[in-house]
Amino acid sequence: MSAVLFFIAAIGAITGAVGVVMLGSQFYSVLALVIHLVALAALFLLLRAEFVAAAQVIVYAGAVMVLYVFVVAYVGGGDEEATRSGLRFLGPLLALALAVELCVALLGTALKGISSKGARFVPGFGTPADIGKLFLTKFLLPFELASLLLLVAAVGAIVLARRRRGLEPDEEREARYHPRLPAWVGSMAEAGGLTRFEEPPAPPAAEPEPESAPIGSQS
Amino acid sequence: MTATTFGWLVLLCPLVGMVVIALGYKVLPGRTPGWIATAAIGLSFACAVVMLVKLLDLPTAHRQLTSSLWNYASSVGVNAKMGILVDPLSVFMVLVVSGVSTLIHLYSVSYMSGDRGYTRFFAYLNYFVFSMLLLLLAGNFLLLIVGWAFVGAASYLLISFWYRRTTATRAGIKAFVINVVGDVGLVLGTFFIFTHTGTLDFLQTFAAVPHVFHHNSTDLVVGCLLLLVGAFAKSAQVPLHTWLPDAMEGPTPVSALIHAATMVTAGVYLIARMHPLFELAPTAADIGAVGGCLTLLIAGTIGLTVTDVKRVIAYSTMSQIGYMIMGAAAGAYSGALFLLMAHAFFKALLFMAAGSLIAAMAGNQDLDRMGGFRRALPFTFGCFLIGGMALSGLPPFSGWFSKDDILAFLDHRGGGFEIMGIAGYIGAILTAIYTFRLIFRAFLGAPCPEAKELEEGHLAHAEVPTNPQTGEVEDTDVGFPGPEHHIAEREWPMKVAMGTLAVLATVGGFLEVPGVDDAIRRFLEPSFSTSQLAASVPSTGADWIGLVIGAAIAVVGVVIAYRIWVLAPGTAAVIRERFAPLYRLFVNKWYFDEIIDYAIVRPAQWFGQVAETVIDRTLVAEGITGGTVSVIGAVSAAVRRTQTGFLRYYVALMLLGVSGVVIYFLVAG
Amino acid sequence: MAIGWYLAVSAVIFSIGAAGVLVRRSPLVVLLCLELMLNAANLALVAFSRMWGSEDGQVFALIVMVIAACEVTVGLGLIVAMYRRRMPLDVDDLRELQG
Amino acid sequence: MTRVPPIHIAATHIKGPPIDWVGLAPFVTLTIGALLVLLIGLLRSPIARERIVPALSVVTLAVTIGYEIATFHHQTSIISGALRIDDLALILDLVFAIAGLAAVILSVREPGATDAGHGEYHSLLLFSILGMAVLVSAQNLVTLFIGFELLSIPLYILCASDSRRAASLESGLKYLVIGSVGSATLVYGLALIYGATGTTDFVPISAAITGSSVQPGGLLNDPLLLTGIALSIVGFAFKASVAPFHQWTPDVYEGAPTPITAFMATATKAAAIGVFLRFFDVAVIGVQSTWAPLLAALATITIIVGNVGALGQSSTKRILAYSGVGQAGYMLAGVVVGTQLGITATVFYIVTYLPVNLAAFAVIVARQRQRAGGEDLSALAGLGTRQPWLAWPMTIAMLSLAGIPGTVGFIGKLYLIRALVGGNYTWLAVMIVVGSMISLGYYLRVVATMWMSSPQAESASARVPAGGRPAIAGGSDEADAADAGGWPTPDRAVANAEVAAVAVLFGAAGVFFGIIPSPLLQLAAHAGRSITGIF
Amino acid sequence: MTLTILIWLPLAIGVAVSALPPALVGRATAILSLAPLGVAISFLARFKIGHAGLQFVTDHTWISAFGIHYKVGLDGLNVALVVLTTVLFTASMAWSATREWERPRLFYFFLGLAQSAVLGAFCAQDLFLFVAFFDLMLIPFYFLTGMWGTGERVRATTKLVIYTLVGSFFMLVAAIATAVLASNAYGTSLTFVLSSLQHLQLSHTSQDWVFLCFAVAFLVKMPLVPFHGWLADGYRSMPIPAVAVFSGVLSKVAAYGFLKIVLPLFPYASVHYQTLMLVIALVSIIYATSLAFTTTQARLVVAYSSVAQLAFIVLGIFSLRPQGGQGALLQMLNHGLVTAPLFFIVAALAVRCGGSEDIREMGGLAFRAPVLAALFLIVILANLAMPGSSNFAGEFLILLGVFKAKLAISVIAFLGVIGAAVYSLRVYIRTMHNPLGPKAHSHEISWRDALPIAALVVVILALAFYPQFGLRRSDQSLRATMAPAEVQDGLSPAAVVAVTGSGRR
């Protein structure tokens, strides 16, 4: 029974993965990844990792993928013409070599465990309770750091993705009813609503002349 | 005040003279430098005389005095002191050198006046005398070599004295380089001897030699041969003689002083000084004798054909020194030194006379253009005649006694030396011929234009001064003989100098008359006390036989010369036709210059060219340096080419690296 | 099923992800492929944790998940920024820096 | 392991691990500082954002440094063995903090900072430092990996922070993608190691490798473990920009804002080498005989590639990037030896590498503020006459990197060679020497440009390269005018006061410690001794 | 008054004068540079003759971790060279002081730095200290050539530095290896102090490669064929004061290194490679000589002649006979004194020929410049080692040593002596004599130019009368430094005494 489930899930995961790589449209790639993740979650379950599986489904298939979809929609994920360079063939070959090596490594080990079904199952193994306990005791520091890391990521996303003056596609029109946006527009400061529209000392660099400032070399 | 003190004074005088003249080159007016120089040398001659007296006071056994001022270079087993050796030999040489030099200085005072380089000339001249005296008084090998090289340098400076003449500078460098070859020989020879004796000091060496060397041992023979190289280079013996004729580029007094009277005889002095070595290495000595013998013949033959007055005398000098070398090497030390002294007198005299003659010719030295100066230059003619007769060994002039003394000794030793003796007689006849060829052609016969002009009472002056060798117009602002010339008839210093020498050349021979007296041998005896050869002297009778033969041969030579150039002036041309190839050989100086040029000079230059162009530019610059650079450059270009900027290529390379590393571990594990 | 099977699957997925990074030019998809690689690691971790019966592997997997999320967020942010700058969304056109 | 039945689980029963706050203090300081900076960055007034924020970051780093110095010799392992605080870690932390300090000072007036918002910018910087600190004292695979990421992710963002330049974004993306591949490889490798040994803690891992707890005879030849090590080597090597995993380095260094480049070139490299030391000399020292040859080979390749690649470059930043690759090779050589001496040498080399590199980058920053294309080599032409206070630090830096006596670089090389010769790796020492010879080719080129080429030649070639931009808008013309006119106008000199100060300070340090190296040497010696178990 | 003061005084001066207005810097430096000269002479005066050991030792621990000491001291080997250094630098500064240099402060700072480095290298009694100073010497010359040079200066200076540093880096490895291997082999703590290293002989195999590394470093510095690739460009581009001290002193440091470090530390290798070194030297002599009488650049003639001279010095050192060593030491002194004025004279000649240093465009300059001609003559005669010059005494001893060691080599080496005469006189005649050259406009040498040359000429003449000056101090130390190699070479100390002592009855 478990074998059947395993094969279904494994095939699903691998197909999903292949789909991510092969499918032309970025949108389909995202969907393929979702399939892959769900299949992977199934594998996790087979490995008695309930909590990981759940996290997988919620965090990934839920949050992250949604983010993906939004971005794809925003940047208009059109089809991408197939790559021309030699990597098109070299890449898969390289990957194949890698896979072979890894399999040799994984299966060539003398460890008994590899061929076994795993250690004797202890009730409670992989439950949120156990994991959480570990997080609070042995892995306290990683746990805290992970939170910081998430904060960093959030800050980074804002820093990078916020709007900037002089870079918008339709600069002139916007300039009409948003005269001289301060430099911090779109920053967390704005998000925090701590800022009014008064005159910040705009750094002079914020006066780009489009013709004298070709995109790519803003000078 | 012992003899050595005066020995030092002998050295000091000319040195001081040189320094004074050199430093005062701006302030000293007119002929003062000349007088200062003459005074300096005269003083040192005086000191030499005192030295002689002091030495004669001592008993014969103690006539070898050494004195040293400070350590010159003495460390790690080398013991070179600033020391002199005063013994009869050196005193004798010092006397000759300083005496003749004084006279030649006196001569130059007027002869060189009017030359732009007057001061420089006398500074050089004094420097030369200093060097020569240093050579003679040196108490050890190192100092000997120093003096040896100094005289070479001085000779270089004086040969290329008129330095705007490329011929002069070329002759100078030639002389210098050949002399350096000689120095090298000397140094190497010293090494060979030093490594066995462990000392550089003469007396210690001579004391040690019999104990450290066995008879004719290889090292000693090689060492002596190398010493001979030095001697030959300095004394212009075949095959290192080619510089001497060219050295005639220098002013005539220089030729008289250096290339006749003093420097060129250093070789003879060296052999005499080193006689304990040579007597222990007969092989080397014999080779030396042969060399001298060859030289006197070759030089004689060339002397027959050359037409440059000074060069004729130069070749005769070579051949005379050939006699001395031959004699000294064969063991006739006193004879050789006797001839050396006599030669100094009459050869200096000849050169001075020639100088006067050339002055009368306004600097032209070509024998073909001369003639009939007998009336125009009576005094000069007289001196020339005396000198010539002495040179060709006519009785009772000094040349007669001295040269035939040597030849007699050779016959006395017998064996191979007999042959040399005969060769010597052949040389003698040649000498007589070319000497009188000179005299007859220059002074007898129809007067040449200059001679006529002079008879009317005014000295000829070249309107356009030209280089007598190349005929190219002279650069007259400096380093050139000067516009006016001086002849003995009009300059009393020249007269005095020449007159004195004429007298000496005439009577000098009587110092050593077989059976009557042998002042020189007796005086020199202490220096050669250890020598077996010096002890064995030919009997008086043998001596006299030799003298008679010599006189006869000289007379024959003179007669032949008279026959060819006075009675039947055409004969010379006829002979020239008859023996054309021989003549060509002689007139081209046996092709020595050409041989040396092709054998040594050109290959060296060629190698230099190759070294610069091929090896240095190509091999080192392109090869080693450029090669490395280009390799690194290529690698750098490759590295930068992989930096394509293609993100995916970077990832690809990275994954390639991953699989590489993994493979390594899988294999290594 | 033996653990080895899971590991094999994870290896395959890892390689597929790597291949994807190599062949795809849209940064978005490249990010997806990176996700694949990380997930492969996760699978391996979970499999090992099962094998040893220790939950460290699962914790590790969760941490990796967080990190994956962070990388994605930052990556997407970058992509948006580039889009705003009207820069081409094609890794092959990012060649201003080279040599 | 003993398990509590799930029924009894309640939050009350869970005892958090004991925490040694003294040891943890630097980390806490950094965290708090980062958060504070982030918050103050939200304030309205520009003063707060552009003055207080950097000031606060400086304070944070200063306090951190203070704590680290205070807790020197305080060897503990904290939070249930997640972190090990010892002299090695502390010295490396000092390096990070100093590098960060320099970066903060250089970032005043940095357009990138203004662009990203000072609060965000600086807090990210501090977080990255925190990540490094965690990384080099990690005693556990999980901690190690998260530290690795906490160090990387902020740098991805910071590289792209100057998003008005396409180059900045490009470098950010490149760094992100390649970095993620690297971390994916790393984590997979860690996973395999975990799989082979069944634990995530270093000490048990090394025990499992040598001892027979996991498997009789240990794991010395177990492909699983070895592959894991291989993959983790790649992960670290990438961070340390060791060839052939170096290719991101020149591009990212060139594209990133120069202060960040300076930070990466020094701190990141130090962190990567530090983790090399930790991981290979503690966790997997058992299989040294296997990995040492490989690392030696990698070091050789790196030395050659880095030094050779720098030869033909026209951008000073790129030259420094490649030189950084080469230097990484030298440091790796120190790791190879695997003796305390080797560790000491490596640490010392890192310490010597820090000041001179910072000085060099400071000079580049100054030039960029003064004229367009300031990172160009041509921008340095004639600097010796016109701005000696910039030319000298750069000269010292170059000479030190080349290993000329009188500078720290010389002593650093001395120590490395001494360690290598002592460890029977003389051939590697020779490789270092060969590398230095090649490196002269470009270091001297920089020096020659500054002192021996006339400003005329420079102003002729003063072009604005793609991506180059004047620090002050429209300053380009003025800057060029100033360059042509010779002396920089006073306001520029002022504008560069703090930058020049950094340059001069670190340049001076480079000479001072070159003449009196003993203090640094003792410091490094402590680091070496702090790793026990090897001789 | 410790050596430290002497070593660092020039640098201090260089720094101090940069406070003065540029116009004064030159003269100030020239005058102040008399101070180190004076100090050096005072050391010379206080030097106790007949001691093999060190005198005026200063010894502090510099880098305790490696047992590296800041140990400086004087012995017979370096005392004369130290004085020579100060003399030549003073002369160069005096020569420079009368000229305009752009950025004078920097110029004199670098000169000062160079002097300090050279002095340090000579005085260093610690292997590592020596290496450090040896490399440091190069930096000022890098700048001097690159900033004040002529022609392809940057290319030339880069070439120079890379060439020489390649050698130096190998030497660095070798030096460290020496100390490390020694301490490993004998289980002693790490030390770089020469005197202690001397008692820790390395194994033969290590000696071999270490020796080669040192040899490369030194041979490049001198330079000898085939390591002379940088020579032509470097010498042609260096400013005159720099090139004067470079060929006058820096090349000596290399030769000194052989004598001070290589022979005592690696006697086995020294004997093992004796023939190789002798042959290299021999080839250099022949090769440089032939180049010297081919090239038409006056400056290069001097350059190649100094290559030949240094080859002679190496010849003397590797005769492994005390005579050769003494000769080499004396020759170092002489060559330094000769080559510097030669470069000044070349500059003077160039001035009289429209800046060209091509002897084909010179000629007849002696006219209207008798003093210059006289100075030149004396120097050139000394350069060709005419007997009577101290150079000859040096060459005599060198060749005597070689003669004792390898007869054939010494015989061939004499070709170099003859060649020296040829090229020296050639350059003298082609410049001073012969008809007036196309570009020649002769005029008497000015006081400011004559002063440094004349001063050095006086020293040359003094030495010519008393070469012993250069020999008496070094005697003992030289025997000491040569002894290990001699023993290794089979001449037991007893034999040495026999060989050397036989002369002194």
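When the chains are written out, they are named A, B, C, D and E in that same order, and each has its own residue count from 1.
Simple rule for what comes next: a residue touches a chain if its C-beta (ideal position, glycine included) is under 8 Å from a C-beta of that chain, and two chains touch if they have at least 3 such contacts.
Everything numeric in this text was worked out from a predicted model, so none of it was measured.
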Where subunit C and subunit E overlap in contact partners, by chain label: B, D
Closest chain to the centre of mass proxy, which here is the mean CA position: E
Per Cα centroids, the chain farthest from subunit C: B
Maximum centroid distance from subunit A, chain identifier (CA atoms): B
Top chain pair, ranked by number of contacting C-beta pairs: A-C
Inter-centroid spacing, subunit C versus subunit B (mean Cα positions, whole Å): 97
Rounded Å distance between subunit D and subunit E, as computed from the means of their C-alpha atoms: 44
Inter-chain centre distance, subunit A versus subunit B - centres from mean C-alpha coordinates, in Å: 101
Computed distance of Cα centres, subunit D from subunit A, in Å: 27
Multi-chain contact sites of subunit D, meaning residues that touch two or more partners: 142, 146, 149, 153, 156-157, 160, 163, 166, 172-174, 177, 181, 185, 192, 195, 222-223, 226-227, 250-251, 313, 441, 466-467
Overlap residues in subunit C, where contacts from two or more other chains coincide: 7, 14, 17-18, 21-23, 25, 47, 51-54, 56, 59, 63, 67, 70-71, 74, 77-79, 81, 85, 87, 91-92, 94, 96-99
For subunit A, residues contacting two or more additional chains: 85, 87, 90-91, 94-95, 98, 101-102, 104-106, 108, 114, 122, 125, 130, 138-139, 142, 146, 149, 152-153, 156, 158-160, 164, 167, 215-216
Pairs of chains satisfying the touch condition: A-B, A-C, A-D, B-C, B-D, B-E, C-D, D-E
Contact footprint of subunit D on subunit A as seen in their complex: 101-102, 104-106, 108-111, 114, 122-125, 127, 129-130, 133, 136-142, 145-146, 148-149, 152-153, 155-156, 158-160, 164, 166-167, 183-184, 187-189, 192, 194-196, 200-201, 203-208, 215-219
List of subunit B residues in touch with subunit C within their complex: 640, 643-648, 651-652, 655
Residues of subunit D touching subunit B in the complex: 173-174, 177-178, 181-182, 185, 221-223, 226-227, 229-231, 233-234, 238, 244-245, 247-248, 250-251, 290-291, 293-294, 304-305, 308-309, 311-313, 438, 441
Of all residues in subunit C, those that touch subunit D in their complex: 7, 14, 17-18, 21, 27, 30-31, 34, 37-38, 40-41, 44-45, 47-48, 51-54, 56-57, 59-60, 63-64, 67, 70-71, 74-75, 77-79, 81-82, 85, 87, 91, 94, 96-99
Residue numbers on subunit A that touch subunit B, as the complex places them: 85, 87, 90-91, 94-95, 97-98, 101-102, 104-105, 108
